[in-house]
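Please go over the structures that come below.
Here chain A shows up in two complexes: once beside chain B, once beside chain C.
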Partner chain A sequence: MVNKRSSPWLPLFQERCVALVVWLAVGLVTTLFLWLVSEIVLQGIGVVSWEFILSAPQNAGRDGGIGPMLVATALIVGVCLGVSVPLGLGTAIVLAEYTNENRRLSQWVRRSLDVLAGVPSIVFGLFGHAFFCLFLGLGFSLLSGGMTLACMVLPLLIRSTEESLRAIPREYRLSAAALGLSRWTTVTRLLIPLALPGFAAGLILGVGRAMAETAALLFTSGYVDRFPTSLLDSGRALSVHIWDLAMNVPGGNSHAYASALVLVGLLFAINLTSSFIADQWKKHALT
Partner chain B sequence: MLMRRTERSKRTILWLCVCGLISGMSIGCPVSLCAAEALTGKLVITGSSTMAPLVAEMGKRFESRHPAVRIDVQTGGSSRGIADIRFGLADIGMVSRSLHVHERDLYETPIAYDGVTIILHQTNPVHSLTNDQIVAIYTGAIRNWRAVGGKDAPITVLTKAEGRGTLELFLRYFGLKSREIRAHVVIGDNEQGVKTVAGNPHAIGYVSIGTAQYDAERGVAVKLLPIQGIAPTMENVRRGVFPLMRPLMLVTNGVPEGLPRRFIDFARSSEVTDLVLNQYFVPLSE
Partner chain C sequence: MFSINTLSPSRSDYLLATVLRLCAVLSGVVLLLVVVFLVQEAFPALRHVGLVRLFTDDSWHPTEGLYNLLPMLWGTMLVTIGAVSLAAPLAILSAMFCQFYAPVSLARWYRRLIELLAGIPSVVYGFWGLVVLVPMIGNLHPPGPSLLAGMVVLAIMILPTIALLMEASLAAVPQEYLHGALALGLRRWTMIRNIVLPAARSGLFASAVLGVGRALGETMAVLMVCGNVVQIPHSVFAPVRTLTANIALEIAYAFGTHRSALFASGILLLLIVLGIVVVADAVKPRWTYGE
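After this line comes the complex of A and B, so read on.
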């Protein structure tokens, strides 16, 4: 009797099959990504120029450029980071270092953060509209938009930072305590630098989500496409502009693709620089 | 000494004031003469995403005529425009449909129209379709041109992508639901629809009349079909007799006065006809 399991070619066959499936999956994902990027590049590259990047839109966005949208997007993301980074870092430190993981309070905070992370962005948009624009009286403004995005980004940022703080071995904290370092020094000089990659990952995800956001911004920072002069002005984010060109402006497709190309380029650039900065920071802090 | 000095300085100040007043008036006079023209203030307009690009362009032109005015256009849909003027968040709402019964307390002013009609390839011998035939074609009951008096060829049905205003208008007029439509091609904007029909002799589609007429006049191989015997012309849309159309309206809470009134008048004037045509809508005036 021959045991099927022990037949010599079967494990090899299984191995091959698994390898094939894995490579197929990788190939599929890469193809999709390349297809998407090449589509945007091919359709948009003809329009993109310095003038396109710097000038104001004309004729409902079919002519002219995206200067005001870039300024508005930068200001919105700036407000978003200005609010969410200190809050996020602080909350993550409290959750990971100053509370017991199993305490009811921290469990509740964690659970509500996970729920918040899954809430659709349009809900944040309506909340931001009701709270920042109407209740706080900020109106359609870059400030309202940035703070709405901060609410959206915070859960991502807190959870990823907290996870990376927790991943640091307990021995590090014990050694620091044995050396007589205060808890604050341990956190700032040892744990935060070690948790930086996680923090940077959360930040990149957050900025990506913020820059790609359309629904939440339509209701908070608005649709006005002139150069913003203050944070209380309404300003059109790049993603809102792309949506408008693609959906509402007949003949706006080429400029929509070009704006999308600029947005994707910006995301790449931010991704690269933030991981580079995190690396540098980590090196400096630990030596 | 001290008294005198303060008195003198008081007198100087007085003189300065008088001089200032006079000079102010002398500079101010011509300005105040045209004060009826020198509008100031900020206007917030919200509503229909279909209308937002058009009204934003009108706003920019209005701002260039009256530099002290700021017009902020926001979007989010017709119903949002109505809600915002009710709450007093906006001065003017943009609504790209007729007002519902419970919205009749608001004051509406049309600034342009949007008409939609059926287009076929220019070589297609079919010259008219009844509403029933159109419904049968779009629901897949008729699949060959022979059934409606054309050549023996399968029909290629074009429809608009979900979320397009034109689709909603089309569905509502023919009493159809989106999922009942059996389409072969789903298109985005009007230009794409015209190009697709021009490239396929057996295709049928529906697009904005402005786009179709513009292209047909420039030699693109499409023809516009009448609906219920009414010719799909800009004039018929403007007069409101074409059945498949919708008004684009600026809505205010009560009869508009002051700045909103000036802007609405501007939006109806011939000064913005080119902007309306640029968005492929039908302007009020020639």
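After this line comes the complex of A and C, so read on.
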């Protein structure tokens, strides 16, 4: 870091150039973002209406709406959360609170979850097809799809919950022990309420991941586009609907735009809620 | 009520510990199940076709008993390499912008934008690529659905993830280093080049590697824009098919050895991605300190 400048203006010139490149890159990223979003909003907004959102598709999706897809998506996400939330919460508590009793167990579980987090979604799809659809005999159903997604979001959910449990000061646990509270009371009355915001943020991210997922659902929940009547029915998620309209239905583009607009709108709302909760949590956690 | 609990560990505590441990075991078993079922389904192909023939057969014609995965493997590799080499430089610049160039309020807005971008589903990126990018490339050099389209769409898709991770690793550079640089009167770029980037090197590398993992496993975006022709591409304008797209396209009607070969390709994909994750993990411990 010795000053050996041959001429005084060269470093300054370099400095300016790099700054220019940085601003250009950011401009490019922003432009791409605006291009993508405006394309979807402008092309989709004309089709979206209450009727589009509520009614069933006709003519392979070229006409009609996306009602059944929204119901199917909601049910799949519901099943996914119903399975992954209790499992994730329990596991996170073991990983964060019961470390001494279960060192070997938590080490193994943590490593296995780290690996699970890296598994590509299409591989989850293969697994779900082989295990839930065929081995457990659930067939192409919302239940199979939801449980496949549950396996997928489990690592995410556990990690965020564990982090928020670990962020609780040690003194709280010591005071609870000093007061003679049972483990049950400590966990249910103290730790879970305190970790709730972090857990909620992770949960919402998980919902986002589940709603955005397509590849894992293609051959677990199938793509029947009727209103599902039970969890054992096959149902088409909104993301699968977009894919089907874009690839397999000539003339399906306008409805694909509109479906994409609805999906992206929902995801943006979820994303903003999640970062809002995280912000609030950070503010309170400081005290 | 509490005093009873302290005298002897209560029943509810035992119950709680058991239930929780059961949850943890179940969570741990998921990976085991995934591996067991993939291997079980892939076993017929590995036994009848054998590992060697998956790479040396004349072509991929499952109905005629030819199972060469090599063209798809090339497709996956090329799309991934292209996407990461497009996305990584942009991501570093984005991260530098947020940490060192932008005014605080602008950085916050830009970060929020990147977060939103990270939340857009891959099928929407694929759709955008299909209706906007593919026709543009088609005008430039037919046919349109191509390796290039896959690279660009995938690059845009993984950019936000890499950029967020890279910014975190730039932010992890100890403040003392920056204060020292400021005290020495270093200019911004001099400081970034000589102090920040070397200190954050391993973190930046790990972020890029995670981007590679993400790109390798992506299905929908490449399925929609790459053209899905089984061939080793001779130019960036040639259509390709990736391993992931191959599974998504054929599993619906595949049976017997064909189906089993698809599961084998799933295992191959899993192994590649896991190798990548291990590499990223091996680099990560030096995250904050550099050298």
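Convention: the second predicted complex is superposed on the first by the 227 of 287 C-alpha atoms of A that agree within 3 Å, B and C clash if a C-alpha of one lies under 4 Å from a C-alpha of the other, contacts with A are read in each partner's own complex, and residues count from 1 in each chain.
As a working rule, a residue touches a chain if its C-beta (ideal position, glycine included) is under 8 Å from a C-beta of that chain, and two chains touch if they have at least 3 such contacts.
The structure presented is a predicted model; accordingly, all values stated were derived computationally and were not measured.
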Contacts of A:107 with chain B and chain C, given as first, second, both or neither:
neither
Contact-wise, after the overlay, does A:119 reach chain B, chain C, both or neither (first, second, both, neither)?
second
Scan A:179 for contacts with chain B and chain C and give back first, second, both or neither.
second
Figure out whether A:247 sits in contact with chain B (first) or chain C (second), or with both, or with neither.
both
Partner touching more residues of chain A, whether chain B or chain C
C
Check the residue A:31 against both partner chains and state whether it touches chain B (first), chain C (second), both, or neither.
neither
Tell me the contact category for A:234 with respect to chain B and chain C: first, second, both or neither.
first
So, A:219: does it touch chain B (first), chain C (second), both, or neither?
both
Between chain B and chain C, which residues of chain A are contacted by each of them?
218-219, 246-247, 253
Chain A-touching residues of chain B, taken from the complex the two chains share
44, 49-50, 52-54, 56-57, 72-76, 89, 163-164, 188-191, 208, 211, 278-280
Give the list of chain A residues in touch with chain C in this complex.
1, 11-12, 14-15, 18-19, 21-23, 25-26, 28-30, 32-33, 35-36, 39-40, 86-91, 93-95, 98, 101-102, 105-106, 108-109, 112-116, 118-127, 129-131, 135, 151, 154, 158, 179-185, 187, 208, 211-215, 218-219, 239-240, 242-243, 246-247, 253, 256-257, 260, 263-264, 267-268, 270-271, 275
Residues of chain A that touch chain B when the two form their complex
59-61, 134, 140, 218-219, 222-225, 234, 244, 246-253
Which chain C residues qualify as touching chain A in the complex?
2-3, 5-6, 9-10, 12-13, 15-17, 19-28, 30-34, 37-38, 40-41, 89-90, 93-94, 96-97, 101-102, 110, 112-117, 119-128, 130-132, 156, 159, 163, 184, 186-190, 192, 194, 213, 216-220, 223-224, 244, 247-248, 251-252, 262-263, 266, 269-270, 273-274, 276-277, 281
